[in-house]
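In what comes next, chain A is part of two complexes: it sits with chain B in the first one and with chain C in the second one.
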Partner chain A sequence: MPDPLNARIKTMIVQTLRLEDIDPASIKDDEPLIGTGLSIDSIDALELVVALEKEYGIKIKSSEESMVALSSVSGLVAFIRQKADPSRLPPA
Partner chain B sequence: MAFCPVQLGAHGCLTALGDAAQTHAALLRGERALSLVPVHGSAGGDPVPLALLPGRSLDETSPPSWLPDVKRLMRGCPEAPWGGARHPVFVTSSNFGVGNLYEFRRTALASHLGYGTPEACVGFIGRELGWGGNVSIVSHACVSANVGLVLAARQVASGLADQALVFTFDFLSPFVAGGFHALKILNSEFPAPYQARATGSIGLGDGAAFAVLRRPGTGWIIAGQTLHNEMHHFTAFPPDGAGFIACIEPLVRLASGRRLWIKGHGTGTLDSGRLEAEAFGRVMPSCPLVGWKGSIGHTLGSNGLVELAVAVESLRSGRIPGTVGSAAPAFSETVALEPITDGSFDGVLCASNAFGGAHAALLLCHA
Partner chain C sequence: MAARIGVDVTTPETRVADGPRNPGPDWGYGFLLGCDRLLPEGLFRPLRAAGTWVALAFMHAQRRHSREYLALVLPEAPTLRDVFRHFFACEEALMAKLRVANGLDIPCEFDPSAAAFEAWLAGGGPFLLGTFHIGASDMLGFQIGCHEKRRVYLVRRRVGNSGDTERLSRISGGCVRFIWGNEASELVFGLKAAADTGDAIALQCDRIENARQMEDFEFLGARRSFPTTIYRLARVLGRPVILTVGVPLPGGRSRLYGTPLFGLVAGEGRDAMRARAREHFQGFLRMVEGLLRERPYLWFNFIPLNPAAGAGAGVATDP
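What follows is the complex of A and B.
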């Protein structure tokens, strides 16, 4: 059964970055988020990081860590599961 | 590219370590001015490495708390009808009084608006220092001071000005620190420019400087300046580092026969530090590369002139501070971690770069 956080993250990406022409479900789990089909650049990444920190109460400490976190949707979900207070997350 | 050689007349800078001579001496001792300060000032936040002028708070005030420091710095500027027809002033910054604008948004205190825009802030400084109306405001992120120096040199070299004054300043505020913190490049680690390590980080510093440019005579000469823009990306350089090389190559040719060292940009971010060190190592393999932002922090738009003033002290004394805050392994064998004592150098290439793929460099040497 897919992690419900996965779908939530995809929706959040689309909403935060105002990717109006993109169906959240069409974002592939393992596709790199930066520099590929979504055309996310470093300014987008900044917006996304701010939104993630606010929504899940996590702290991303460095630009290198944000690159790891934003490697893909799967990577982002794993990162949030590892860092966030479980009470703020849907059960896996 | 046509070079406009000019004499570097009176000049000076202010950093958290003091004036140019004091900063030079402290860098030679390996002192780090950066300390961990809450990113939002008195409002708290994560601790980040900042180098504030002694006694200055990060919090924005009205009038700005940096005004007495600016006046003290400019007492070293020779008397002239600055801002008159033949004595243009170029004021450069990346932030001007944006912290005051933010304070106005937070507090609704209208007095902050007197410094909250480039025009208002420079007008305020000009009135305090008695300048006339021939004042140009220049801003291009962290090569702002370099662009001001280029424009001033062109005015002098073309005969449109007898002398030109370049004044640059960037004083930190919670707004500025918060912006870099949001990018995660200003984090809780101290910067280690050109060091190959797992996590990059920068520090930010207060900085201000001035330089008077004249037609070439005796003394120090800015023999040539270059600007280059990659037109590649807002915040990233192309992976081959071509922009670094494109910017310095004309100056390397101009400096043929001279023995140089390089004052690099070296903020402490990993990608740009590696690209810069590797590019300079390839093009100038016999020239030691140093960076000082691991101590005084990145003074943003003013760094090109602040660090030029320290470079003059270094060239004059034959004692070049090393890359304070960094340790082996470095991105290039040419990175000098320790101070160099060698009076045989007869020039320094000073490089800066900025968001937007902007590069700037200049060659300083004796006439």
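What follows is the complex of A and C.
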């Protein structure tokens, strides 16, 4: 069964960054988020981080955390799961 | 009103550079400062000029790019002397920056166009400050952080010989901090952390080398690509924008020029903001072009000129 948080993150990426021609489901879990097929640059990534902070109340506290969180959708999902208030996460 | 460019202290994190981009060796700044202390200016200046000729001789690509740019702003085809004057202006700007970092106080005056920047300098606030690699603009960081004691984050790429940066960091007393843009994840974290502080963030806005999204603007007789990063940041972080450039004047002074404030409008859509941003940046470019027509050697652009529309470098996007 698909992970609802994973699906939500992919939808947020598409909506926040207005990637209108990309199907959220087509985003690969392990593909690097920045500088690959999605054409996300650092400002897009910042916009995504700002949106995620609002939705999940997470805070990236170091460049190392940033590197892990922005490594891929899988990395981002794991980071949010680890840092977010559980009440804000979609039910599994 | 006049302000002064002065100095005090900072502390940057020191990371490994991703390779030197500036041509000089990493001991070069210390060497220049040492000579500045030991030699009279009447001897040191000709030595700097000689050093510039040596650099000119070996820096083929930069010479070519200088010539390409100067051909657009000079009334006649640039000569080797013009290229030298372009190189030497850059060297002299570096020397002035090193001197300021070393404690020299440089008087700075404001053009009426810089009223928004002057107001920010007086009151501070979470603004985005943009500039170009022009004249004394690099010294704005010193002025903001060291003399006016406004806290500002400067977005920079760490290079092999970042001696001036490190020095500014040391002397600004924590007012000037750096966001290193070498790694995307580091840049994202740095920008977010800086945005959370409410301090200003300053970045260079003329070079397209690290920008993915650009738009075309009228500049130097063509539609040329420029990065729209600062306006994208304005939208994402909800911050106003001011663009400024500093021009050196005789007698070791400098004069600041700038744009009106690009503020945020509640409820404004992306397209409307993009249109306003275009107009704002185009206005800045018109002012910069006017300055460069008068002082052509002051744009330290020794890399390929921002490509003209149709050259395939620009990707239109919203701010």
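As a working rule, the second predicted complex is superposed on the first by the 90 of 92 C-alpha atoms of A that agree within 3 Å, B and C clash if a C-alpha of one lies under 4 Å from a C-alpha of the other, contacts with A are read in each partner's own complex, and residues count from 1 in each chain.
In this text, contacts are C-beta pairs under 8 Å (C-beta built on N, C-alpha and C of every residue); 3 or more make two chains touch, one makes a residue touch a chain.
Just so it is clear, the structure is predicted and the values come from calculations on it, not from any experiment.
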Taking chain A as the common reference, can chain B and chain C both be placed on it without clashing, or not? Answer clash or fit.
clash
After lining up the shared chain so the two structures overlap, which partner does A:L46 touch, if you call chain B first and chain C second: first, second, both or neither?
both
First (chain B), second (chain C), both or neither: which does A:I34 touch?
second
First (chain B), second (chain C), both or neither touched by A:E65:
both
Tell me which touches more residues of chain A here: chain C or chain B.
C
Touching partner for A:E55 - first (chain B), second (chain C), both, neither:
neither
Could you tell me which stretches of chain A are touched by chain B in one complex and by chain C in the other?
41-43, 46, 49-50, 60, 62-63, 65-66
Please give the residue numbers of chain A that touch chain B in the complex, ascending.
41-43, 46, 49-50, 59-66
Quick check on the complex: what are the chain C residues that touch chain A?
181, 183-192, 212-213, 229, 232-233, 236-237
What residues of chain A sit close enough to touch chain C in their complex?
34-35, 39, 41-43, 45-47, 49-50, 60, 62-63, 65-67, 69-70
Seen from chain B, its contact residues with chain A in the complex are 46, 182-185, 187-189, 198-201, 233-236, 269-270
